[in-house]
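Okay, so here's the structure we're looking at.
Read from first to last, the chains carry the letters A, B and C; within each, the first residue is number 1.
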Amino acid sequence: MKLNDWLNNEIPNIAKSLEDVHKNYFSIDKTIGFEGQQKIYQILENFRSALFPCLCDKYTNEDDRININIGNKLRTSALDLRFLIEKVLPKDQSLEEADQIVIDLINKFPTIRKTIQTDIQAAYNGDPATTSTDEILFSYPSIQAITIHRIAHELYNSNVPIIPRIMAEYAHQLTGIDIHPGASIGEYFFIDHGTGVVIGETCTIGKNVKIYQGVTLGAKSFPLDEHGNPIKGIKRHPNIEDNVVIYAGATILGGDTTIGHDSTIGGNIWLTQSVPPNSRVYNSQPLPNIKNGV
Amino acid sequence: MKLNDWLNNEIPNIAKSLEDVHKNYFSIDKTIGFEGQQKIYQILENFRSALFPCLCDKYTNEDDRININIGNKLRTSALDLRFLIEKVLPKDQSLEEADQIVIDLINKFPTIRKTIQTDIQAAYNGDPATTSTDEILFSYPSIQAITIHRIAHELYNSNVPIIPRIMAEYAHQLTGIDIHPGASIGEYFFIDHGTGVVIGETCTIGKNVKIYQGVTLGAKSFPLDEHGNPIKGIKRHPNIEDNVVIYAGATILGGDTTIGHDSTIGGNIWLTQSVPPNSRVYNSQPLPNIKNGV
Amino acid sequence: MKLNDWLNNEIPNIAKSLEDVHKNYFSIDKTIGFEGQQKIYQILENFRSALFPCLCDKYTNEDDRININIGNKLRTSALDLRFLIEKVLPKDQSLEEADQIVIDLINKFPTIRKTIQTDIQAAYNGDPATTSTDEILFSYPSIQAITIHRIAHELYNSNVPIIPRIMAEYAHQLTGIDIHPGASIGEYFFIDHGTGVVIGETCTIGKNVKIYQGVTLGAKSFPLDEHGNPIKGIKRHPNIEDNVVIYAGATILGGDTTIGHDSTIGGNIWLTQSVPPNSRVYNSQPLPNIKNGV
């Protein structure tokens, strides 16, 4: 076969060429690789099983096995996560730092779990279509996204590189909801439907906030340094205070934009300025033209 | 190692704490668990193989094996589904009801299959980029979403809890199209691209309707009961009559909003009122400012 | 059990009925099937591993095994792809054509890899939230989408049916970014966040273009032939020249619409006409009403 001959002759050269290009740009020994990426996804699935323990194994859940299962999931995932954190930490950080980061995270799991229960309750309160908290846990993308976010956010706060973003992008893949792990989000948080939601790195979101699909909490244009590169580490994304509702497709931009508590932002609103507490913001654009075509 | 010691000492307590939190909120014996969720995804894949039978096994499809394969997929999935339905039905419903629900569903498969063929035809008619119905079946998210919807909708009509919503959310994950299983959708239905589409529980959609990405058929604000909880079971989402086209990003809200037959709704329209048949609805917002920056 | 009896009696008939319906519409011997679809996803994963070679195997990457690994991934995937291309090519095309198509594709891999490096660089330059190119490779949906697109586009240019669209839809599933394999896209291309982006078949996009979530580069209404079917093969989607930035939610439509180089298109803009180079296009719609509700 023509192809087989060609493969035998040419593949070594092409492989060498790909290897050379790649090595110009990526260091080999510090990267976690695609297998590390897959491992992070698996760690998140295990953490979910540990956080929602009677849901994790087989259809039957014998009471005395639940506790052992949670322990096993946590133990395995903790060791896997430590291994990956060691890979991505700067070389001058000791291995003990990786240990401590994992310990700090797992120690917070009971608190994280209680906070996620407030998110489940917020979904129940906020959606007339739901009939049970079981349904919310198994079929609401918001719960999947916020569970992963609350874990990734802890690692972000511990200054772990890359891994929190890989976690966030896993949630984005599964749900269409893109929350940067840097965003700070209060309890009783609910996103309905969720596809297209973007929440930026330096957002702060209060308690009892409800967001619909397609909402962007983003940055205005950002300043460049003398080399034309974006300056990192500036507050770029808005603050949403307690008890705010933001309807579908609204875009709120800017690090000094604050939506005051108990405000309602209408669908498709474009907002780059602060609004005081108790505001109602709605579009004043003209009604659409309706023309009868017959 | 520091982490290993810590895990040995602390994990049992943390596992106990997670178990206790969880048991406060979720009953163990009636839930289908994450494994049930995965099983539902697998049932849907098997149903797809049964509905499109010459596509389901290996690259070669010997004629006499096709029929056996369909039968095997249906049989296995029917038993798996019955098991899960038993888990979620209220305890006072007999097992025979679960049997009957599965029988009613499978009995409708030839009809469902014919209806999906009209959806495939609608995609072919509605998209100049496509070149064959094979391409539509293998690469159009609309077909995947509507196939799952037409199955989930039957279970919703049989009053099966949770499972139809898990099916719908599986479709949402795969396609970015979020159709509540309660929505009633006529034949020759096509969603182009699809990401961000939301179709609410009490929508009714006629025949030969075409929708583009980012369209919301949603609810206006909903009434609360005396405890401040949303009242369930009210008609909240619009009616779309036959032969309507709705362009990208349009938002149509409200249970008493009806889009009359043969109407066209323009992109990004925000509509909370009914329009008569044969209407053309388009934005009267001012043209954008174009400023030459040189 | 009632269900078991029913399955034994009725499944053969229902299977026969499903088989008959299906055979009316789909030819068996030329289709790649759902297994072929899965195989294409696997080929793309292997190609990604070959393009980013030190990322592909285990956590340890011994230098002398990298080259062998790349070669093995390429060889296996090349043969799998040839098999599938043979299935979908019109019967009058020789097997040697399938061979040549695969050879042409793999030969371009070093060039494709270099172009993707420009896309990674564009992401680094364009997002203040990122901290390393490793992070971009592992957690930016834009890179996943454009990598798959640059492969699929080559097969589209070789007139391979169906397979490029299945590749594109795989990227769409993973990222929410829907790029038709026909679109022509220059180097240094970056899509931030990405969910809901749609880029049509006949788009041409220059160098150094940056796009945000929810942007549509689409078609206006399209002409029908005398049978009422859409006419295929017409230029329907816009041209975006070099150094253009398009903010979230903008919609640009039409085959004769050109966005001149170095222009900026504001968020949520609706544009169906060309704009000259160096333009800044922004909405002149009225500011939202802000009403203090207390």
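The rule is short, and it goes like this: a contact is a pair of C-beta atoms (placed from the backbone, for glycine too) under 8 Å apart; a residue touches a chain by one contact, two chains touch by 3 or more.
Nothing here was measured: the structure is a model prediction, and the numbers come from that model.
Seen as a C-alpha superposition, chain B sits on chain C after a turn of 120°, to the nearest 5. Look at the contact of chain A with chain B and you find different residues on each copy: under half of the numbers used there are shared.
Centre-to-centre separation of chain A and chain B, using mean CA positions: 23 Å.
Counting partner chains per residue, chain A has residues 176, 195-196, 214, 249, 268, 283, 285 touching two or more of them. Here chain B touches chain A in the complex through residues 1-4, 6-7, 10-12, 14-19, 21-23, 25-26, 28-37, 83, 87, 161-162, 165-166, 168-169, 172-173, 176, 178, 180, 182, 195-196, 198, 200-201, 214, 216, 218-219, 222, 228-234, 236, 249, 251, 262-264, 266, 268-271, 275-285, going by the rule given at the top. Chain contact summary for the complex, chain B toward chain C: residues 48-59, 61, 63, 66-68, 70-71, 74-75, 78-79, 82, 96, 98-100, 102-103, 106-107, 109-110, 113-114, 117, 120, 125-129, 131-135, 137-141, 174-176, 193, 195-196, 213-214, 248-249, 267-268, 283, 285-294.
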